[in-house]
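What follows is a pair of complexes built around subunit A, which joins subunit B in one and subunit C in the other.
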Partner chain A sequence: MDKDVKKEVTKLQELTYELKVEHAMTREVITVTPQATMAEFREILRTHRISGTPVLEDGQLVGIVSIEDLIKALANGEIGAAVGEKMTLGVKTLYTDEPLVHAVGKFARFGCGRFPVVNRHKELVGIVTQGDIMRAVLRELEIDYREEEIHRYRASHIFEDIVADETALVFGYRVMGKDFSTAGEASSSLKTTLSRLGIAPPVIRRVAIATYEAEINIVLYTDGGEIVAEVRPEQIHIEAIDGGPGIPDIEQAMQPGFSTAPEWVREMGFGAGMGLNNIQACADVMKLESAVGVGTHLDIIIYLDEKGRA
Partner chain B sequence: MKLREVLSIIDGKAISSNIDLDEEVQMGCGSDLMSDVLAFTHEGTLLMTGLTNPQVVRTAEMVGINVIVFVRGKLPPPETIALAKEKDIALLASKYTLFETCGRLYEAGLPSCGLFELSLRRWRQAFENKQRAPGG
Partner chain C sequence: MKLQEIATTLDLTVRAAPDKLDMEVTGGYASDLLSCVLAKAQKGNLWVTLQAHPNIVAVATLLELAGVVVTEGRELDPSTVKKANEKGLPIFTTSHATFTIVGELAKLGVAGVD
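What follows is the complex of A and B.
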């Protein structure tokens, strides 16, 4: 759970770098002229339900005026004064193509409620508030997550939704022999699928490690094979099957440290004779059958107890 | 320990872009043998290794390792960096040896992954149960 929360935060940070100010800003900007009175400005705020506007003279941004300026003017009985006298000069602006993270920083630094947004020709093209930024990021997050959520929701309820005396989902993956660059893709796909099914992470980890070791063995020692995973409500059964050359002495192959791996395999960080032992450590049941010239068939069963299921 | 501290303790550099320096690692493992990484780590481990092929990232993915430090000034090939980006695994670099990189972090308080049943069983067979032959 903690990890999920952290992921979301990282994603949020990423989005504030990816999204630009123009993605969040409001394009229709209400403005006033310096010649307008504070009373007229009050009407503008009331009509548009906003709390401040940029001040424009001949299309140029000359200041910004907010509800705070209005309150001060009211308190001093200066409601008839011109906006030009009461506005804040030296307006801080944001550029359309600045990342949102800059905007977030400026809001924190200057403590104001809004920034006018200008293009690189210094023309006013929009206005952005902290609320706009929040909405833009949330919108993007929603798009990003919708698809994965849909996958997960549908998949994790599958066992409850299917009506049958016995239910099993079977996933098959082909494994290329001697192709080290794709080694691990089957295990990686299976891992993704199991997490979409809502299987508990510790169980997925055991399945992933056992399957990956089996996949590496198929890649290293055979001309290819397949990995089939059968998921039932009570257990996950993985079969790793290849078409040879086969293991002459299974007892010897199961000895920790026994390996027939050539040097190049060891240089890749494998072939230390620990793979089968590691599979055994991850599995609740492990069965290894092999015939020289025919092939090897490895069965791995990992039970799903109440905790292991979604 | 946050990645920010890890980088400072090992004088390290980030290889991946967009690293979250506030990401935490719980413990460390130093190994050039991926089978050992698969067998003797937990989720949230910081992996230190001199191996740079893409299978290091695959291995990390399988066991839930989110951060890898390449030691001895090694830079991984582009395919390793690409796979790490895809799998959201952070890559760091250290100029020190595997031993020194681990040592600096261990000294600074990053714990090891502890003892494992697989190794304990072998230990007992070799040193504690005299009736049985080593490895038997």
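What follows is the complex of A and C.
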């Protein structure tokens, strides 16, 4: 979940760079000639339920005329005047191959409702409003969302799709010692992976808590190590392995509240002497082996029953 | 009760993920010991703590908590705010003490989880 949120924000920005104006524009453009009267223009707006059109003369874009020009003409009693007299000249346009982010910028800068879109030969090929941009981005987001759903669906059926006498998926994560800035990333990544595999949320929660505590122990007390998770249809086996210093007395270490953490670590809320107990509470099987000067090897097994899989 | 209502009522300062305040709060938990939080806090809970370092984000997102209230005017590490925004985790600060905030939350009907 948490990763998706990040994706949404940057994804939106990414899309405005990725998508071109031609992806958002309307291709059927209603136009008027400069010779048409404002009264005729009013009828065009009414028939097509639009609020403005580009003005074309011999296929060339010469101006743009909007409902505001019509209102002004009405107020001045000039409804019979030619569009060519009332239109706005010097029309700002967008190119078909410009990224949408340019369009967004131009809408903000010029405050107009629509931009005619021209190709590189300056021929009018479409028109784009802010609403068109919004719809194009939403459409693209929906496609992405569906792809993520398919992604999840495929991952969650992987065990059924693989033909083997025994199946195991193994995920490995390196954990940096003494590096608090990345602490928790291994367990967070594992959690995302398990959720994609369709493991039930209560099981994921137990795995995530146990793995986080194991990861924090590696960060706090060692120079680094690794966490390996082996997922089988019937169980998840997590191993946390480090290269020392090792635990002199495991029985003592397992006592709730026993901790060798230095004061500054405790001040951060770590080292309360509850980590291993938390792991034990989450695990169906827990095995802790350690040799001073060699390292520590922690095995955690959490069973998956029928309910454990989605 | 939604995070937004709680933040407004208790006059909490929103420091991260202001777009995630429509989360429903399922209860509350207060502790400065991360292992206790991991053991007890439930999904959707609001966590009240003195800790302000980036690991509170890891703990809170792991448990899918609704948000974190950092008390007693503790200044957040810049990396805490950055991480929380990345993960979409609302973090609030307040000058009040944890006890006061928990008391106010209880008055609003936010219950403990044990």
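As a convention for this text, the second predicted complex is superposed on the first by the 167 of 310 C-alpha atoms of A that agree within 3 Å, B and C clash if a C-alpha of one lies under 4 Å from a C-alpha of the other, contacts with A are read in each partner's own complex, and residues count from 1 in each chain.
Throughout what follows, a contact is a pair of C-beta atoms (placed from the backbone, for glycine too) under 8 Å apart; a residue touches a chain by one contact, two chains touch by 3 or more.
Small disclaimer: the values here were computed from a predicted structure and weren't measured.
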> Superposed on subunit A, are subunit B and subunit C clashing or fitting side by side?
Replying inline: clash
> Touch check for A:14: first (subunit B), second (subunit C), both, or neither?
Replying inline: first
> Which of the two partners, first being subunit B and second being subunit C, lies in contact with A:191: first, second, both, or neither?
Replying inline: both
>> Is A:291 touching anything from subunit B or subunit C once the two structures are fitted on A? First, second, both or neither.
In response: neither
>> If we overlay the two complexes on their shared chain A, which of subunit B and subunit C does A:269 touch? Say first, second, both or neither.
In response: both
> Which partner does A:209 contact after superposing on A: first (subunit B), second (subunit C), both, neither?
Replying inline: both
>> Looking at A:255, would you say it contacts subunit B, subunit C, both, or neither? Reply first, second, both or neither.
In response: first
>> Under the stated touch criterion, which partner chain does A:162 make contact with: subunit B (first), subunit C (second), both, or neither?
In response: neither
>> If we overlay the two complexes on their shared chain A, which of subunit B and subunit C does A:181 touch? Say first, second, both or neither.
In response: both
>> From the superposed pair, tell me which subunit A residues show up as contacts to subunit B and also as contacts to subunit C.
In response: 6, 180-181, 183-184, 187-188, 191, 205, 208-209, 212-213, 216, 268-270, 272, 274-275, 277-278, 281
> What does subunit C use to touch subunit A in their complex?
Replying inline: 17, 20, 32-36, 38-39, 43, 49, 51, 53-59, 61-64, 79, 86-89
> What part of subunit A is in contact with subunit C in the complex they form?
Replying inline: 1-3, 5-6, 180-181, 183-185, 187-188, 191, 205, 208-209, 212-213, 216, 268-270, 272, 274-275, 277-278, 281
>> Using the touch definition from the top, list the residues of subunit A that touch subunit B in their complex.
In response: 6, 10, 13-14, 17, 180-181, 183-184, 187-188, 191, 201, 205, 208-209, 212-213, 216, 255-257, 268-272, 274-275, 277-278, 281
> In their complex, what parts of subunit B are in touch with subunit A?
Replying inline: 18, 20, 23, 32-36, 38-39, 43, 49, 51, 53-56, 58-59, 61-64, 79, 87, 117-118, 122, 135
